[in-house]
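Residue numbering begins at 1 within each chain, and the chains themselves are lettered A, B, C, D, E and F in the order written.
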């Protein structure tokens, strides 16, 4: 009999050794300050992926021509933040060790910290494209140094990445003073050379909450789909080494549209990863 | 005693023989591929119509000056697709036979096929304005030739209509190659002469899902209300012979705004039907 | 790295050749008369299974001691009812051919028809325990002979099974005249001998809709959890050869409790299948 | 063409002069103290009626054998409480004047006051069966004498009815001292003689809120469906002259089950009205 | 122990005599024509305020530098419209008497009438900035002269204010003829001199319902967040004496984003009140 | 002006030094294994309290005769579990030090651990009445020793309390072997002498999820309201020194009935605390 598992991302191949791109869920859901539920995101996005087409009219590419595997979700020990971060770092190191590119599906934004740590073992310098409503540049949040609200500060301290922030519209005065905000795709072209490695961290709350209400902290005044696509078109010409999509919280997505948006973002990312200037 | 029935569209007259415009619900709900529920659309739109005004500030016309009747819903035999399509064709033929114009409220998009068949008995050629997120131009979908995803292909084969597609953003590579996409109202003015008959098929998913999440397959990146209005202003100068509004699924419309949008679209359509170049 | 896939039922083993019990999703969703969405049930139940324990305090057994595999969902051609029914029959025949017991997760109730057909190839006579709010004994429904409302009538015509109906509270006068309603577990003991093969078809709307609102046609006045458990305790002493759980519609399950109930029902069924009088 | 209007109650006949029973919606929604929305109840119940059968296995009667018409909703001037109450009284008087029995679908509970006033013109004495979670016996509520929380007190003052209260579980100490609470159907048999006229006012919050959450003030600890049916079986032997069903608020009925319960209650009421000791 | 009360607006100081700005909830919820629930708005907005930052990147000001108190909600006698309006007028008079500025959180739009009446005791002339989807200029609505749909007409009759309307897109032909619609912030600069007193009444339905569905009468085609901000930037240079935010209905805000938008509007208003041309 | 704050529990007095009973919210929300959101419970319960009456027909007592204050919510450092537990212990010690009785509103179940620790400073022995669906007797859960799933085990180790468990229906085989399950109120009378101190910990998931779906881990087969009341009647004759109500998660309470149940439980508890055998 021929069976299917809707819980794989649409278009993913059987788990092969040699697929150049790997999807992995990291359902970390520990430090949310307002509402949680990001642990349910990977499977909700997978379900949503089946409602969209494999063909992207934006990039004029088809997912079916892209070899990628969906490796399920990392098994994280709930309540043990430090061990979870270690496991994520290790998993990403493993993927990089196989010379693969990857998309990590969160989970909360803090997962980007161990990912960047793993990248540090291999790269001397990367460009980090940060889509987000919030600066995430605090030194600590509610007394905690490891938090979804401090993750970019912690990453900055690693000294690996130049950070460019897109969609930012919330933070303290201090955070805004330190933020490096991009407001047009062309600014990226000025700053990033063709062959330099680029990593994308994509907080779903960068979208306007009219389109994507299902996030932990919705912030009005965000980006709409066409703006995101215009950034992706620019990024598609760059050397993208990996990406993550974080902070989707399906239980607050009364219309399922937030999950569909995440699925569409990941569809475009897979193509960018494959066709970016290799 | 004076009673009202909220289940009639706001402003509709008593069921008179000689009203020039007729509303009819066609709750066909058979071939949806992801989620269903379009059969509940006509009554939900009727309820929603009572929250808006009869006056359109866009067209500067009032529904109260338009004589139209709301004829309730066609009684379709659930599970019997072919018979349902026949009944729809017959009902539309009957309306045309009385020299009336009409708005059919779906139900799924496949209802447009029998409507166009009925029009074919009377017209040699029409212009078909197709508002939609999806091309609907497949030859078959999941092995089926009669489907909401193939309806435009089937209509094309009838050879009656020139098709212009608005809002399209999802399909296969092949569908996009065959699609005839319009991106500005003025393009319609170039292509359609004043007295030529025009039919409008309006899939509610043409709207961005931030505004209209309550459809069977929401697709981010859609049109907003002012864009639709600008197309309607252009259409108001043409000879519109009929229209349909399809694919609304009220059970997925957590905020009722999708139904309100559909009601507002129908309000404008009634005026266009009445005042279009007769 | 150690990954998990929440979309397997909690406690299921890796897909082994020799596990005595098999779970299979059959997302058939074609003939619903009021609201649909049963195709989403198997994956929703799998997610829900992770919120309950593997241990049953009712049967004093643990799922971890039961070898069963979760084989994902059968790939059904949407819109093609007859072919779908054929595929289900074939899949069940395949499972029986391997001397396995099974639990099929619907999908709508019509899936029970091809399952019983497959059983007919192997068995001369079975007892069919039918949990449901509705008689499902009509000869045709809205002009259709193959429907979730006629399935028990069609099964009766196969002549394989003695049917006992539990929880019935809706139907026509004629259906009630033909129904064979059981109101206490002991009645089953009187009618079924120890080694005779028994099959269970479990329509989730047998539950009171206060507990399980997420079904296609909720019917007040149903059974509560302890009553179901008392039937299961009796069934645990019988020779159960297979079971299905149908008609859950997760999109109408605002609180997720309906899916959790279905998961708990399946947990008990797995134990009954394993420990029933073999 | 054959059209249907789902907004008529299932099984209602065409609006005939001589049907012995009349359904009428009274969407009064003015004095709710916590949450409102009862004005949407009549149409929601009509939609829900199409999910249940016309046959009642409890009373072993079929709706199809009962001639009743559904007269739509009374057109009430929103915001004008006194005029609305007058219009309701007048409408009910009109129905009684035609020697019909009736079921009024609210709207809030205050509608029962003008109904009883209309009955007072015709009857010297009636028995009033009051299903409710709340005593509704306050003299005033938040400074108002006309309120859903004082309606039974106002009715008492009319001096027409002996009141029996079923399901009461909320009120002040003073209200409980004045309440006349019934806890078993047989108590009614003791108190009401066969041919004495009986009126039923049914506040949907008499049900436990697990089954019927969609009311303005849900109160845990209520009645379940079988208990209501056992009261109805007793009432079916009495001379029922009319009934109302009030306080359903569909916007708070996340699962639609509350509306289905109301529809099922009305189905039984129609039969009781027809077959009660005439 | 240190306790907090989330039901105070984020950043509000302890209730001090000398804070220059006061927040006050006025949960009037009496004359809504379609759906109600505005009485729940003040507390929902307070909860939502804790999800946003105290710093405004738009005005580059921080709430923490603004001394304001949150005075809870006015205790209104439900069902007694006239007395409620009196109490609101008195409360606002009291605040003005202390030389404070204020933001009143509705409740329905009718609360603006007593506020303007209170202002009339102190001012000879003000400018009234009216953000709304609806004209609210009817002379009466459903027979009522005091209604959320007539409030601007009643205010106009007071002769105190020049009215400028922003976002209007619904009304009768007559209302549109009388409306004074502004479509760009600069028009305000032309009309209002620096030191003239300005009052803002902000109906949340001015927003597009994709962003703010949780209002009593959602009207497609509205303003988005950046447009509102650009008006607020202009207003920040004026002499703002008070403001209200009305018509939010949290029970219809399935995603909580409507409440967050209201909280963000109020955050900006507090800054405008403090820093406006004093 | 007279203002109210709905965020105080209905009937609570102004914060007085000498009220004998204190309510305190402890919004700890850190170790939930499936879904979270318990931090929102205290304010949701306060809002819900305004929909019920102050009079209890069960205990025939009135809240208005009970002097209790509502002290708002403890300010807990999110993400810092150990410090939060310390703060809770300290706050409870402070209350006990003033010779007050108390009701703590969670938050997750782990808050009971520091409460019992605080009680240990004053008492040598107490009886602990544990209402819950889950045993909570694991030694560790997902590698964590401090968790909502281990809290009763940790409390047991303190050696202060005899534990009686009510409503338990989920756990491992080992937990069930260690559990001490009570199935009738009279069993408590046998075990607890009149003057011995009793503490109640009430996990809202003890209720059947049909009535209370809004909890972190709903478990079918639970208790209904009348059963809880019968336990409370028995407890009302005992010497109750304090109580907590935990694990309500309002974001999953689509109908608000779960919060209303919690409010009603707390109303009864306040009376029991006041009138218990002092």
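FYI, a residue touches a chain if its C-beta (ideal position, glycine included) is under 8 Å from a C-beta of that chain, and two chains touch if they have at least 3 such contacts.
Since we're looking at a predicted model, the values are computed, not measured.
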Which chains make contact with chain C and with chain E at once?
A, B, D, F
Contacts common to chain D and chain E (chain labels)
B, F
Quick one: which chain's Cα centre is the longest way from chain C's?
E
Taking all residue numbers used at the chain C/chain F interface, answer same if over half belong to both copies and different if under half do.
different
Gap in Å, rounded to a whole number, between the CA centres of chain F and chain E
40
For chain F, residue numbers touching 2 or more other chains are 208, 210-211, 252, 254-255
Please categorise the chain-chain contact pattern as a line, ring, star, complete graph or other.
other
Which pairs of chains touch each other in this structure?
A-B, A-C, A-E, A-F, B-C, B-D, B-E, C-D, C-F, D-E, D-F, E-F
So in the complex, the part of chain F that touches chain D is made up of which residues?
50-55, 57, 60, 62, 208, 210-211, 224-226, 229, 254-257, 260-261, 264
Name, in rising order, each residue of chain B that touches chain D in their complex.
1-7, 24-25, 40, 43, 47, 71-75, 87, 90-91, 94
In the complex, chain C residues that touch chain B:
29-33, 35-37, 77-80, 83, 141-144, 147, 251-252
Within their complex, chain B touches chain A through residues 34, 169-173, 176, 208-211, 213-214, 217-221, 252-255
